[in-house]
Each structure stands twice: as C-alpha cells, then as structure tokens.
Amino acid sequence: MEIYLYIALFAPFVGSMFAATLGASKKTTIAGIIPSLLLFVSFVASSILLNHILSGGEVVHVEMMTWMQTGNLYIPFGFVVDQISVTMMMVVTLVSTIVHVYAIGYMDHDKAFNRFFAWLSAFVFSMMILVMSDNFAGLFIGWEGVGLCSWALIGFWYHKESATWAANEAFIMNRIADLGMLIGIFLVFWNTGTLQYAEAFAAMQFLDQETLTWMGIFLFIGAMGKSAQFPLHTWLADAMEGPTPVSALIHAATMVTAGVYLVVRSNELYSLIPHVGLFIASLGAFVAIFAASMALVNRDIKRVIAYSTLSQLGYMFAAAGLGAYWVALFHLMAHAFFKALLFLGAGNVMHAMNNELDPFKMGGLGKTMKTTMIMMTLASVALAGIFPLAGFFSKDLILEVAFVDHHFIIYTVLLFTAGLTAFYSFRIIALIFHGEDRHTSLGFHPHEAYKFMLVAISPLLILAIIAGFTMKGTFFEMVTQLLPATEYHVHSALTYWIMTIGTQLFVILAIFFAYKKYMASDIKVPDGTSKMENSFVYKLLINQYYIPYFYEEYLVKSYRELSTVFWKQIDQKIVDATVDGIAGVLYNTGENTRVMQSGNLSTMLRWVVIGLVTILSLAVAFGLTVRYLDEIQAILSGLGA
Amino acid sequence: MLDNILSILIFFPAVAGIFGFMIQKDSMRAYGVSVATIEFALSLWLWFSFDSDASGMQFMEQVPLIEAFGISYIVGIDGISLFIVVLAAFFTMIGIASLSDTKNVKNMIITLLMLQMTMVGVFVALDAILFYVFWELSLVPMLYIIGAWGGPLRIYASVKFFLYTFAGSLVMLVGMLFMAYFYYQATGVWSFAILDWHRLILPENFQLWLFLAFFIGFAVKVPMFPFHTWLPYAHGQAPTIGSVILAAILLKMGTYAFIRFSLPLFPDAATFFMFPIAILAIIMIVYTAMVAYAQEDIKQVVAYSSVSHMGVIILGIFALNVEGITGSIFLMIAHGVVSGALFLLVGVIYDRRHTKQMSEFGGLASVMPRYATIFGLMLMASVGMPLTINFVGEFLSLIGFYQQSHTLTLLAGMAIIVGAIYMLSAYKKMFFGEVTNEKNKNLPDLSKRELLALIPLSVITIWLGIYPKPVLDPINNSVESVVQLMHDKSITDEAKSRIPNLVKDIVITRTSKEAQ
Amino acid sequence: MEIGLNHYLVLSTILFAIGLIGVLKRKNLLLLFFATEILLNSVNVAFAAISHYHGDLTGQMFAFFVIAIAASEVAVGLGLLIVWHKRHSNIDLDQMSSMKG
Amino acid sequence: MLEPINISLESLNLITLFPMLVPVIGALLIILIDIIKGGLDKTLFVALSILFLFIDFNAVLSSASTFVTDGTVMGVFDMMLIDGLAILAQLIIVGASVFFLPLVISGKSFHESSTPEYFALFLFMIAGLQFMVATDSLILIFVGLETSSLAIYTLIAMHNRDKSFEAAVKYFSMGALAAGFYSFGSMVFYALTGSVEINQIASVLAANNYADIGFVLVGTAFMLAAFGFKVALVPFHTWAPDIYEGSSAAMAGFLSIVPKIALFVVIMRLFEFLIHSGVIWLEIVLYIIVVLTMTMSNMWALVQTDVKRMLAYSSISHAGFVMAAILIGTTQSNTALFLYWILFSATNLGAFGMLWMSRQKELLAGQSSDHSYEKFSGMIQTNPVAAMIMGLFMLSLAGLPPFALFWGKLYLISSAVTAGYTVLALVMALNSAIAGYYYIKLIVYMFMKEPLEQNDGTIIVGNSSLVVKSIIGFATIGTIFAIFAVSPLLEFITAFVYNSGY
C-alpha cells in the first residue's frame, strides 16, 4: 500500500514541477492537462487506499526519512493513511482534479496559464502533506505550504493592487494564527516529548488540565486562522480576488477546512478538555450566524458564497466543539462538494459576464445558461439542507447534535442560521438566473461555459445530491473506528419528526421568501436611496460590521505609523544619536580645549607653572593632612558626635 | 597534509592575495575565482574528512608563540565552527565570481582574499589572543571595502563600523586578560588557550563581570540592540559584495563567540543574564522588524531584517539547551545563505538601475520573472517557510527557548508575523502592480554570472530545508558536549536546573566533574 | 640675631619665586633668560647653605655644576636669540606663535 | 691638613664609563676631522657616527654580559650605576639612534646635514642620555639631562627654518625652567637627607620613616614637574606639538623615542621607591596625570589637520601609557614599559620615516603645513606600496593586532589587570579606541579619497633615498613580524628588570 501512498502524495508535486518548468514559457494547454492527469492518478491512488481502509485493512503508516533530529527532538517525514486522512485525501484529490480540469477551460485566455497550474498543483501537494502527515511538524509544513500557495494564487493577478493586498492580508493573518499553532506544537513537544500524533495523544492522557487547556487553545488559534474564524475572518472574503477555481478549491473545499481537520485530528486532546470544546462550539455558532448575516446583503456573488463558506465552517466547528467529530468531518466532506460546485457555477456566470460580480446587473441568465442554473440551484438546495440532498444529512445532523447535547442556545442560533443560509443562497440564485434581464442593457452577452467544464463539474453535482444518503452509513462505520462513535438520536421519535419537518419547513419558507423578493420583475437595484439601505442594520451588514474598517484604521495604520516612529524617532534620533553624540563630545572637547595650545611661549610657560603650582598645593594640602591627621580626625569625630 | 589543513585554509588566501599584486589586471578576476574555488574545495575536503561522530576538536594544531605569556597558535575545528568555515569559503567564492564590474577590481579581490583569511581564522582559532587577532584584523579589509567602493556616505559608514567594533572588542580584550590572569592564579601558568579556560570554574561574581566584558565585544559585532546602529549604515553604503560577506559571515562572529566563549566559560552568568538578553533579543526581533517595515530602501529592509534574525539566533543560544543552541548555529548558516542571497539580489537590481529605492520599482515580476522567482524563494526562506533552510533554525531556536520561558517565546515568535509583514510589503512594492516607471519597462533578467551565484544558493536553501541532517548531526554532537560541560561547570542551583544534564547517569557526572 | 639655615632657605625660595614670576611675566626673551638665571642661582644659594649645614661638599659640588650648566645654557640661549633677532629683528615672545592648536 | 687620598684604579672601575666615552670621543674626532679638512660630505660623518654607535652598542652589550654574570656594577666613586635598567635603556637609546641618524641621507639635502657639528652634537646627546640612565646621583642625572637637552635645542635649530628656530627657542626657555625645577627639587631632597644619591635618599627617608612627609612631597612635586616636562605629560606637554612640527620629521621621530626612554628610567629610579614606600599622594597624582595625558592628548590629536602634529599628540598619549606602567610599578609593568617602548620605536621609526620621505622643500599650494592630511589623500592610487606601509604603521600605532604595538599594549594592560588597576586598564583600552579614530583618519585619506590634482605621487616619496627606504623597510618588517620577536624580548627584559630589583 505504501506505493499508493507515495503516488497519491507526490503525483501532484510532479505535476506542479512540470507546470513550473513551463512557467517562464508562454501558455500551453499541456501545462494544464498533465497536472490534471497526475491529480487524477493521485485520486485513483487515494481511492485504492480508501478501499483498503474500508475493507478493514490496517492503517498505512510510512516513515520516509528524518527531517530534524537534535537533542530530544526527533521529527521524521512520516505519513499515515487512516480513516480520517483518507477521507480528507478523497475530498482533496477529487475536488482538485475537477477544479483542475475546470480551470483548463476557465484560465484559457490567461497568459500566465502555466504558472497557475504550477501553483494549483503545488497547493494540492501541500494539502496532501497537511492531511497525511503523522506528526504536528509535518502538519505545520503543509499548513504553511497551503498558506504560501494561497498567497500566490490570491495574488495571481499581481498587477491588480487589490489582489496583492488581499494576498498579503491572507498570508499575514494566517501567520498570526500560525504563531498560536507553533506555540501549541511547542507545548505538545515539551510536555509529551514527541510530535508524533500517536505517542503525543497517548501521553496527553496523563497531563494536567491546565496544560491540556493551553494546548487546546493554542492549537485552536492556529485552526482559527486557516478556517477564518472570527476575529481572523476578514481575509477570506478579500481572498475572492483570486481566480474562481482557486476560490472553489482553496477557499471553499479544502484549505479553509484544515482547521476543522486539525480539531478532528486532535479529538483525543479536545475530548479531554470539554470546556474548550464548548468555547469552540459557541464561537462556531457565532461565526455561523455572523457570516450568514453579512451574506444577506452583499452584492458580490463570490463574497456571498465566501460568507456562506464561513458560516458553514462555523457549523463544522460547532459540531467538532460538541464532540461530534465525525459529524463535523461528514459535513466538511459534503460541504466541499456542493460549495465547490457553487463556486464553479459562479465561475461560469462570471465567465459569461466577463467577470461582472454584481448579481443586480444580471438576472434572467437562466435562459442562456440552463445547465449552470440547474447546478447552482441544486447546490444551493443542498447547502440549504433540503432532504434528500447532502446538506440535509450533514447539516441538520449538527442541529440535532446541539439539540441532543442540550445546548439549546447554540441550537437556536444554528437553526436560525439555516434559515438565513437558505435565504441568501436563493437570493443570488434568483437575482442571477431569474427575474427580468438586466444585463443586455449593460452590454453583456452571456454564453454558456465550455461543455467539458460542465462535464467536469458534474461529479460534484452528483455527489452533492447523493452524498448524504449513500455515504452516511459507511462513512460513520469507517471514521468511528478512530473518532468517538457517538450516535445522535433524539429520544422521542415525535420530537425528532417535529424538529426535522419544522426545520425543513422553515428553510423552504426562507427559500420562497427569497424567490418572492428577488424574482419580482420590478426589483429595484440598490442605489443608496431606498429606506432599507439607509437603515442602520443594512449599513452595518454591508460594511461587514465595520471590522475591516476597524482593522485598517486602528491596527494597520497604527502599525505603520509606529514603525515610522521607531525608525525616525527612536532608532535615528535616540539610539544612533547617542552613539554619534559620544563621539561628538570627545571631538568637541578636543576642539574646545586645543586653545590652551595657543602657540604663545608665555602661555606655555604659564601652563607649566600652573601644573607645578597645582601639584605643589596638592602636596602641601596632603602633607598638612598627614601631619595634623589626629587633630582632623578629632574635629571630624567632634562633628560626628 | 590533513594534519595542518586548517593552517592551509587560513593562510592560503593570504599568500594568494600577496601573489595577487603581481597578477595582470585583466586576468585578476579569473585568478581570484580560481583561488577562492581552491579554498572552497579545501574546505569541502575538510568537511569530508571531518569525523561527524566525534564531539571534540579535530585537526588541532599547536605552536607556542609567547611561552612566557601563554600565547600560542592553536587552531582546531568542531561541529560548531566547521560549517561556518565552509560557508565563508563558499561565499568568498561566489562573491568574487559574481563580482560586478567595479573600479580597480584588483584591490577588491586582494582585499577579499585577506578578509577570507581573517574570517577563517576567527572560526578556527582556539587561543583567545589568536581569536582576537583575527577578530580585529577582519575589520580592516571591510573598512577598506566599504570606504573605497561604497556609496555617498561611505566614509562615515566605514569609520563608524570600524570604531564601534574596535571599541567594543577592546573591552573584550580586557576581559580576556582578566580571564588569563584568573587562570594564572588558579594554575600558576599563563594560558590563553580556550580549551584550558574551559576547565576553569570561576566564582559567580567574577563570571558576571567577565561575561559583561565579553558581552560588549560580541554584542556590538552581532549587532544586538541597542548597539546595532552601525549596521544599517554599513550595509546601506557598502558595495554588494561587502554587504554579502558582512551579513553572511562577519555578523556570525559575534554569535559564534557567544557559544565559544560566553556559554562554556560562564555558565552561571549566562543563566543569570538569560532573561535580560532574551528581552534584548525580543526587542531586536520585533522592534527592528518594525523599523525594517518603515524603510524605503530595499537594502535597508534586508539589513534590518538581518538584525531581526540575529535576535532569533541570540534567543536560541541563550536557550542553554541542545535544541536551542543547535538551532541557533544552524540558523547562523541559514541566515548566512539567505541574507547573503538577498543582498546579492538587491545588488542585481542596483547594478541595473543604480537605485535601491523601492518607490522606483514596481511590477518587476512581469519584467524579470526569473529574478522575481528567486527573490520570492529567498523571501519565503527569510520569513521562515517550512522546507526552507531558515525554518529549521528558527523552529529549533524557538522550541529550545520555549523550555526556558513560555511568554518570552510567544513574544519572540512574533518574528514570523512581523517578518512576513515587512518582507511581503517590500516584495509587493517591488514586484507587484503595473510597471509604472519607464526605466523598468525593459530591464534584462538575471544574467548567466548572476545565476551562477544564485542557483547554488537556492539549491542549498531548499536542500538543507528538506534534509538538514548532514549539517545538524555534527553540530548536535559538539553542542551536546558544550551543554554537558556547562552543566558540569555550573555552580549555582539556578544554572544546574536551567542547563539540562545530558549524562543521565549521576555517577558519570560526578566523575566528569572531578576530571575538571 | 643669628642667621640660620632657614633664613637661607627662605631667601632662596623668595628668589626662586621672583624668578618664577619673571618667567611668567616677561615678554622679552632676554629678560626671560635673566629670570631663569635667577631661578637657577636661587637654588645655588640654598645648596651652599645646606651643604654647610650638613657639613659635606656634595651640595657645593652640585652648585658648581648648576653654575656651569647655567652658563652653557646662556651660551646656547643667546645664540638662538641672536639668530631669531637676525631673522625677525625682534625678541618679543608674542611674535613667535606661528605654530598653534 | 688633609692627607693625600689614594684609591686603587680598579676600585674606580672605569670600565663602566667606557660606553659613554665612545660617543664623546667620536664627537671630538668628527670635529677634529672637520677642522683638519673642511667641506667633507655628510655621508662620511654619518658613517663615522654609525660606527661609533656600533662600538657603543657593543660596549653596552659587554656590560650587559657582565651584568648577567655578576649583577649590578657601581663605579667611579659610586657615581655610575650599571644595572639592568641602565643597560636596557642604553641599548634602546643607541639602537634607536643607529636607525634614526642615517635618515639624514635623504633625497633632498637639508641644512643641518651639511654641517659636521650636527653629528658631533648628536653623539654628545647620546653620551648625555647614557650618563643619565647609568647613574643614581642626581648631579650626574642633571648633567646628562642638560648635556642632551642643550644638544637637542641646537639640533632642532639647525634645521634652519623659521619654525625650527621658534621651536628651539620655545623648547629652550621651557627647558631652562624645567632645569630650575629639577635643581630645586634635588635641593629639597638634599636638604632632607644630606645626599644626592637616590638609593641613599631612599634609605635615609625610610630610616626616619618619612617624618616630614610634607617636604618630601614638595621635592617630589618639583621633580614631577621637571620630568613631566621632559616626557611631555599633561599639563607640561605644551612644547611637544610645536617642537615636533618645527623640527624635521626625522628629528621629531627621534625626540619621540630616545630622550623619553632615558627619562622614564630616571623616573622609575626616583619614583618607584616613593610609591612602594607608601607615598599615596604620588600615586594619586600620577594616576590623575596619566589619565589626563592619555585622554586629553588623544582628544587633541582628533582635531589635528597636520599628520606630524597628530603624531606628536599621539606620542604624548603613548608616553601617558608608559607612565601608567611606572604608576603600576610591578616587575611585569616595568618589563611592559621597555617592551612597549621597543615596539613603539620600531613603529614610530617607520611612521616618521614615511613623513620624512614625503618632505618637500616648499609647501604645496594651499597647504599651511608640511604634512597635512590632504597631502596623503589618494595615496593608494599614486603610490600603493607607500600607502600600504603607512597604513600598516597607523594600524600598529592604533594597537591593531598582530602588529608591533599591539603586543606592547597587551602586556601593559595585562600588567594593569594583574596589579588590580582595573579602571586604569579600562581607561587604557577605551583610549586606544579613541586613538583609533585619528589613525584611521589618515588611512581614510590615503585609501578612500581622491588625490590632490598637484599631487602626482612624486611628492610622497620626494625625499626618498635608498637609505631611507631600507630603514623604513626594516621598520615595516619589524612591525609586521613583531610577534616572533616578542617572546625572546620578553624573557630578556624580564631578566634584566627583575635582577635590578624593579
């Protein structure tokens, strides 16, 4: 099995290198095809491994070579394929293969085509390292690797100021979280003496609560960065500056879920510290509704979807925090499918509208882009969690978890969020595809995307539909070999049905409301006049709760100013000035006292005599003191007494 | 031949430099390159014939110079110094190879060869005075390089560099004389041999004072905040080759000296001053990183970033455990490679446009893709991306210090944030965006000669990032012996508890203590 | 009253002081030399007295040497003075300050 | 009535006089030759003087061997005292003179070298200095001192320029004053002890354990003033810069080395017994003076615009260094003093030799002094070798290892450390750092600036000749390879100093 592991791991790397070698030369489709093929190979290998695991084969664990070894620290390049990682591998390889193929079409006209695929495959490689590593250090490698690739891909169109800015923002925000992660790793090492998952978790059983709590918190800080949890969430929306396939792959399906993966991976740690878990859950719930609320009014398709991703991540953390790790993982998988689908669909739309993102400038696209419309609609349905699509099985499960564990606040929040989710998803669906045509007047001539792109993304569609009811059973069987196998069943069947149906009705209601509101032929394009737009809530939401503004104004600016102060004021005016000052004092003393060398003979003679007289007087004084020492002492003692 | 290879390594460049006067001007560059290459080959041979498993000194040579006063010519090498020597040889080679056309190149190359002698000498000297000789001597060529080939402020910069370091090291000299005197009192013979000194156990208050005396000398060289202000001038004014050597090798002398002198000689003082120095190091890391962010001159950014990274090295050294010290030594090499490469890269653009102001550039990524790629690689290495050479060092240094203090490590860890901030924004200013400046429209991409220097560096950056073992192992062995020595020598309980005891068997510890 | 050693010493000290003041005050090179002569000779007085007081000849020997040296100094000094006067036709101290700082 | 005193000749031990007599005879011979046949070339006289100095040197060496066998030798009614210090000092004096004298055979010919008297006086001066160090009788010291001084006044004046005469006059008048101080000081000691021989003074003072310390101090004060003037300690240093500037570079270099070592020996003889017998006052005052001398002269050197004047101040500061050795007063420090001075003479010989080589008859346009910094700017382009050699001497003076002076500094500071003068050691160290600046300044001019347009490189070596070059070459070699000479020197000196009880 090792060989498949290596294939799965390194195929994307080879692809990336191949594309990279062509990076300098001009666009060749081959640079897209080869990596896609290699990714497919990787996908096949992963599936074989999955099969191996499903058929009860033992966990595949290889140690490739030593990375660092000094003192008590020993870090190998070790990789493990167990139930958790194989799930992630499947998700990653599948989605990325699809996205690659899709991107061949999508990036068709971009002259940096080759570079794009180099980075995209590199990202997959890092993601594979992240999920397959058998120790925290390896995880961190992947962790930083995906960060790097996402930086390069967000800023892919580097001539756009906004893109590069967003790229740096993403990188730096992630760095902030990575510090927390690093500290978490240090804690693990100094308390368990190893970074290997197995030994580390085994050793954790015997550690005291406080240490474990700190570990949990710091590791989770790392997770917060990658998964863009509040307050480190702003970068995700800005990351939409990147090409849409990137958004689909990195900022929806895979990278942003790394945080969830980390928590799930460390379930043994977190199940030891339920209070931290509860915090995670609450934060998750908060983020869920917080992000959803921002999605309600936003006028940028991709940002809406990004916010919805954010809110779904909130769901996952809620589940993970409550100890339902397998649920979280399941939702992660399902979400990967339909969210990627949603993004790629949006990509089609953008393509059709030459990168126009404002849904209010679209409308009635359904006529020209039927396939895309169907795909996106179904994806949204799945997202909204309508039976029998994937979302229902994963998302409503989370609601149940919250309910069963008697965290009713979390439950209500999540429930309400479910409504919002449905609303904003179908808001854009309605605005894009239905209602009257608003784009031809603006001179857009939309057209459906290439066939092969549509074909490429169809697997996602299928999965979005069937993933729920087909896979749930087997998935549960598989992962619960590693994860706590807590079944979540509402005790009385009655409450269960009430809950389920209630949720469904509520969601469907929200969908209808959305359609009604935004399919109307006479919806007015927001132009800052309507009463609703001037309402405080709307302003709050459209400005993302003024958080980006706050960051820019109070953190970034002050950092910049402080740096300038440090440089101009402290470093130059104080530290350096002191040094030069000392030198200056010496020099000036020389300059000022050289006048005693007036060159006039009498002065010179005078100096000699002055010297003599000084010494003489000193001598006399000293002699006198010696002679009358006793008297002086007597006097002094008299003074003293 | 092998038994005196170190002396050959030291004096071969010097002799070659003297012959250099006879070489005809046009063939000088070729001569320099070949000499440096031979030297590098020799250093590689040294590495090859170096016994990685031995922790002690190897290839020792000893010739008494002044018996009456205990000064002798002692050289030797262990895992700690080996790689810095190789690095020095390497950088002199590629430095000369990639030397862009300068006025009277002959003097430049001769000076570089002389500088190489002093650099190698510092790292292999095992006699305090010999060490001091090379330490001071290394100032002169650098003074000349900065002062003769530098920018408009070159004379101010060079003199400042010289005097600042000179003053610091004179205090250190007094410290050395004290040390020798204590040794004389203890044993009745004068000796400046470091290995002899290692056996000397001093009372704590002596340790504290001597530590401070040495500290001033080293801190100026490193340079540690607040003694760092000569560095921006030196780098800002120096020609590319000067900055490269300065950042890659000369700065390492200070940190190396900390490990060679301060730690084994004064373990208790080292423990005593651990936290103050750690705080200085953190100031270096964060404060200079912010200053770097404020710079408008790309070279200044790199210069300040060096200070910031040296902070991490210092932190690792004063972790006082194997992980930290090994990490810091590795980081010395890593930082040497990366910052050297960065200065070379800055030099590349400077040769093309004769300005280093970032505002002059922008959008270079589309004009000079190769340049942008290598720069990006080095940038990522410099911000400590895993699988690049820097990460190994930083990770180990920080993880090492974490054992001593959690909070301080948290603060020091901000290095990875602030580092990313200034580096990325600098990269953004230079390479991203539209090409606004007409002069940048058609700049030539990296030339063969430049690639010749940069490709190897890139390879090393990745290779040692993925597979640091061949370098880490020898370092680790030597560091372990140093740490054990410190533990055995230390007299205060504080130090005993802070410095790990590697020999778990208590009996062995006691005997080894008696041995000293 | 009986004149004792101390009187001689006091006298010599006074002479010395006079010489010293002369050295400080004189702007004329020649007079400066005179002052130094006074300086030296004041010491001779003291030497003679002390040697008598101690009753050995060393002091007087010293005195003779001092006289001899003083004489030769005058010779050299006057030589220099004459050359200087030839060149500058003045012997004013304040005139000779071409070197300073 | 006195009965005739009869003393056996061998008890007089006249051999002790031989070393001093050699130069005297030489001087007389030179004058005689000139009388017999005038207008002979300077080279003849140079050669003759050198030969006599060689004989002198060997004489000293033989007395050194006698010292090794049977210790300190007294002679001539115990006037002469041939101990280790005397021998070391004489070796330095004569040895250094051997190298300084031939500098007059330079490319351009100057007034002094054309007159035979110059060489006669030179030899007389040597004799005087030798007398000074080879006795502990205040009288003979006085005689030697004045003999040499009078000779020096004349030698300076013989350079025959306005500045030289001014220098001579200044030096002369101040010297006269110093002579007054000296005699007064010795008078006081004589009054106190009834003797003018230092060891007797010491024993008498010790016998009545410094009853009237006040007068002792007065005497010491006068002595200090007198010697302070001769070795140019602040504030008695004022003559030094002007004299150096006024006299020719060769003579200036000579002045910075030879007379001073003689004085140091005398100071050692007189002061160390005072310090050791617990005259704290002297210790304090010396401490202050030493620190002042080192620091202030450094600061003044910083602001000089003329290299020769800068070197004058630097020599003052070096003298301060060496005085520190006397203040410390241990065997190690006294050894350090001689070591330091030997290495210092090697370096200073070179430095002033270079200045002498660059001497031109009339000032460059826009230059106020002979050896301004500008004159040397861009030397690396015009005459690289000369530039490097000069730079070498500067670095050595700055105490940069491994060049000559560093080892002296090292041993001197170490002696301070060993004797517990920590602060003093630090002051010395930091002063070397300050001094670094003005030595580097010259290097900056030579290596980093563009040459003056009127300077085509011939000026720098305008006054060079084979002799001058070879002497400088010798100094260069000595400066670079000093390290190999230090070890034997150290043993030699230590033996001599230790055996003569210092």
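As written, the chains take the letters A, B, C and D, and residue 1 is the first residue of each chain.
The rule is simple: a residue touches a chain if its C-beta (ideal position, glycine included) is under 8 Å from a C-beta of that chain, and two chains touch if they have at least 3 such contacts.
Values in this document were obtained by computation on a predicted structure and should not be read as measured data.
Most remote from subunit C, judged by the distance between CA-atom centroids, is A. Interface comparison, B-D versus A-C: the higher count of C-beta contacts falls to B-D.
Mean C-alpha positions place subunit B and subunit D at a centre distance of 44 Å. Subunit A and subunit C, compared by their mean Cα positions, are separated by 95 Å.
Between subunit C and subunit D the centroid-to-centroid distance comes to 26 Å (mean Cα coordinates, whole Å).
In this assembly, the C-alpha centroid of subunit A lies 77 Å from the C-alpha centroid of subunit D. Taken residue by residue, subunit C touches two or more other chains at 23, 96, 98-101, whereas all remaining positions touch fewer. Contact with two or more other chains is made by residues 583, 594, 597, 599, 601, 605, 609 of subunit A.
In subunit D, the residues that reach two or more other chains under the touch definition are 169-170, 173, 177, 241-242, 303, 437.
Here the chains touching each other pair up as A-B, A-C, A-D, B-D, C-D.
Within the complex, the subunit C residues that touch subunit A are 20, 23-24, 26-27, 93-94, 96-101.
On the subunit B side of its complex with subunit A, the touching residues are 160, 163-164, 225-226, 228-230, 287, 290-291, 293-295, 321-323, 326-327, 363, 365-366, 369-370, 373, 380, 383, 385-387, 392, 395-396, 398-400, 402-403, 406, 409-410, 413-414, 416-417, 420-421, 424-425, 428, 431-434, 466-469, 472-473, 475-476, 479-480. Those residues of subunit A that touch subunit C in the shared complex are 594, 597-602, 605-606, 609. On the subunit C side of its complex with subunit D, the touching residues are 9, 12, 16, 19, 23, 29, 32-33, 36, 39-40, 42-43, 46-47, 50-51, 54, 56, 58-59, 61-62, 65-66, 69, 72-73, 76-77, 79-81, 83-84, 87, 96, 98-101. Contact residues of subunit A toward subunit D in the complex are 583, 586-587, 589-591, 593-594, 596-597, 599, 601, 603-605, 607-612, 615-616, 618-620, 622-624, 626-627.
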